[in-house]
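Order as written gives the chain letters A, B, C and D; numbering starts at 1 within each chain.
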Amino acid sequence: MNVLVWNENRHEQTNQVVADLYPEGIHGTIASFLKSDDVTVRTVTLDDEEHGLTEEVLNETDVLVWWGHQAHDEVEDEIVERVKQQVLEGMGVVVLHSSHFSKIFKSLMGTSCDLKWREADEKERLWVVDPSHPIVEGIGEYIELEKEEMYGEHFDVPPPDELIFMSWFEGGEVFRSGMTYRRGKGKIFYFRPGHETYPTYYNPEVQKVIRNGVKWVKSTDNTTPKYGNAKPLETISEKE
Amino acid sequence: MNVLVWNENRHEQTNQVVADLYPEGIHGTIASFLKSDDVTVRTVTLDDEEHGLTEEVLNETDVLVWWGHQAHDEVEDEIVERVKQQVLEGMGVVVLHSSHFSKIFKSLMGTSCDLKWREADEKERLWVVDPSHPIVEGIGEYIELEKEEMYGEHFDVPPPDELIFMSWFEGGEVFRSGMTYRRGKGKIFYFRPGHETYPTYYNPEVQKVIRNGVKWVKSTDNTTPKYGNAKPLETISEKE
Amino acid sequence: MNVLVWNENRHEQTNQVVADLYPEGIHGTIASFLKSDDVTVRTVTLDDEEHGLTEEVLNETDVLVWWGHQAHDEVEDEIVERVKQQVLEGMGVVVLHSSHFSKIFKSLMGTSCDLKWREADEKERLWVVDPSHPIVEGIGEYIELEKEEMYGEHFDVPPPDELIFMSWFEGGEVFRSGMTYRRGKGKIFYFRPGHETYPTYYNPEVQKVIRNGVKWVKSTDNTTPKYGNAKPLETISEKE
Amino acid sequence: MNVLVWNENRHEQTNQVVADLYPEGIHGTIASFLKSDDVTVRTVTLDDEEHGLTEEVLNETDVLVWWGHQAHDEVEDEIVERVKQQVLEGMGVVVLHSSHFSKIFKSLMGTSCDLKWREADEKERLWVVDPSHPIVEGIGEYIELEKEEMYGEHFDVPPPDELIFMSWFEGGEVFRSGMTYRRGKGKIFYFRPGHETYPTYYNPEVQKVIRNGVKWVKSTDNTTPKYGNAKPLETISEKE
């Protein structure tokens, strides 16, 4: 399996807290816990040529992991469209945290993807609401994060195909924090946690969920449907 | 529209707090805020003959509202089956609070309907997660209840057709507290709040949600499907 | 209720069959069966200024009905974006037949919305698969159309929130021909039939479904969620 | 993976056509194409003691495949309840053809599970409507069966979590013929084809779908939720 981790990689350049937390970038940390004998991981960032998302790279990618925040607008529309086509043709995507506002996610959802937020070092509990789902394999009843940014409802996304996690925040909000969507032949997993100033991506359970999510969104060897003008059963053609 | 409010009516006989809060029974209070020029409301209780759920009464009922808690087992199986048939044929049901464990709800869900609970005078916030739904007409972004019993996930029900409210509780739990299900020609709305020792059913927003819910589950004048052996299009019958 | 019927209105100018069938345009025919004491209907077409979809007109519209086919590309992106915002804020939309490929529908779905098709005068049967839904009020077990264009699966749209009709076609295909979607505060109903060379919009059952659909997508008086930075419960603010 | 194939095994005793088609019983044929290096398969039948479904056998079963038709009523309620508990705790189930009317399926669905049917040697086409799903791995755009029993809508089941196949029948009907449901920790796949007088279970694509389905419903190593009285976060307990 070939995984591509895409990171905006801007906070790491400008915010010392983030740079100290993620010395190899958020992408570097994510790549390190995704790598295994069966999983090859590459990382690319916004500032790479074509944001690192050339046709060639995408064609070799089974699953794309996306982290963006302050520079969504700098991602070129043409490349967003290219990524989207790849998803519809079967490339899986794991969309992390503030990437809810990325062009690619908004384009696949068809909504504003807006939400409430607050940075106040709040405790978050991500409760499992679908204990049958492969994405929560090896996870307990909830994941607790001592400090995270709050995201609150209403989260303006379509009703998900599957709701897996619901978050509780100290300050009084809830959030649908693990959700899946199918679009064309592609599968999408949105997973909420991961504000850049917290060590969230070092949490072993968060890592496990992302590994499970990568496995789940990976496409299987399915037929690509044909579209357009179609021939009928013989009985009809004879009739005419 | 004919609404039938069913109440177990046991706490009212044995718990002075409940008797003082709901002097005419929980059913009496619910009936009083459902009544209107367009809505006729009757109430029946567990101790009525056939629990008040005779064929005749059910045939005249558009929507059944159900509140039960400590005596679920005393509801006779035969009558549960009768109510279920009525639902499948189009009678709407609003299932309140502890009725998650009623025989009728469990039988329609096919799961244990179990959950976590705690009585600790906790604040509850019911957040609207589907702002397009008629059931939240006239409701703000959330309903806040100063003190309620906690219900927590995992709530062992099938994934709902529509998720409308998600609750936040002071003690760290979340809950899917407003959900709809379709079964046959019938519609079901489960709504969480309403522990017997709190004045929840006097809350104007809770009342509005239940009124909206009753309206939403009311069946429309739809055709009852035919089942069993079916005739083909003429072309097929000619072939044979 | 204020309904706005939008029609491309091109086939009517160039194809005599269509002109004869719909002398006042497809929009004229649709408007005529939607009008009632409670429903005010206006019609606009592609060639109107701003395609007839000014801010002012949209602000006065509860439900938009859309029919387009050969000129989807001529609808300006800016106006598509304007319509989309209106949907997310609560305007209902009924999307008819070949409008599956309209910019507005594709933008709300996030997929290609592609499908199979064939023009061969085939019989279509639209089977009701959700007999509890208000959109099929007054409709029998199926609607039969003697001759229609075939649309076949795979239909590249997200899994619908509700699947209401499934079509059978003589030549061997099936199609999800009545589906609902929620996007933001808006509701969407896609309804398949209505190829321009057939008298489909004169069929009383097709008319009834569209009338029911218009009623169903109409928004209720719901709160618009607030997005962005949010204040916590007092307990948190005190803590800090 | 341990798979248990359950068959009623009655038609095989009384109908020569079936006995000739499936000399080792329908269960024998299904077992033979499910077996592999990774998959151990056992078969049991209605006439076995406890229908072959002892606690011990069920505890060793990851996935149960069920085929029943004329003797649903002979399956004892106590054993149905035992199987259901096992499903809610994570055992996967593949429900085949006429087993739509089995006690175990009806009990998990909460509806009548009724449908239309006809035995008229009709062509069936099972169209893939979810090309992203692992259950259709290696399957083309549709599976065509020259002769099968017809099943038609309305199929009285809850709206599925996932709709994978929709069938077309020569005589004018459609059917949701591949669907998944989640109940508790268990996953369910209903797959329509397989009338006893046709060689359907020798069709390589039907076999592939059942193999894929078995893999898909297999539970992962998820935590079993705790239910009942729950402790709060420390902050709450301190408050009291």
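The criterion applied here is as follows: contacts are C-beta pairs under 8 Å (C-beta built on N, C-alpha and C of every residue); 3 or more make two chains touch, one makes a residue touch a chain.
These figures come from a predicted structure and were not determined experimentally.
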Pair with more cross-chain C-beta pairs in contact, given A-C and A-B: A-C
Most widely separated chain from chain A, with each centre as the mean of CA atoms: B
Centroid spacing, where centroids are CA-atom means, of chain A and chain C in whole angstrom: 30
For chain A paired with chain B, centre-to-centre distance based on mean C-alpha positions, whole Å: 36
Chain B residues counted as touching two or more neighbouring chains: 128, 130-131, 141, 152-154, 159, 161-162, 172-173, 182, 184, 225-226, 233
Arrangement of touching chains [line / ring / star / complete / other]: complete
Complex contact set, residues of chain B against chain D: 88, 107-112, 114-118, 120, 122, 150, 152-154, 156, 158-159, 161, 170-173, 181-184, 225-233, 236, 240
Parts of chain D lying in touch with chain C, wherever the complex brings them together: 125, 127-131, 141, 152-155, 159, 162-163, 166-169, 172-174, 176
Touching residues on chain A, where the partner in the complex is chain D: 90, 123, 128, 130-134, 136-141, 161-162, 182-187, 219-226, 233
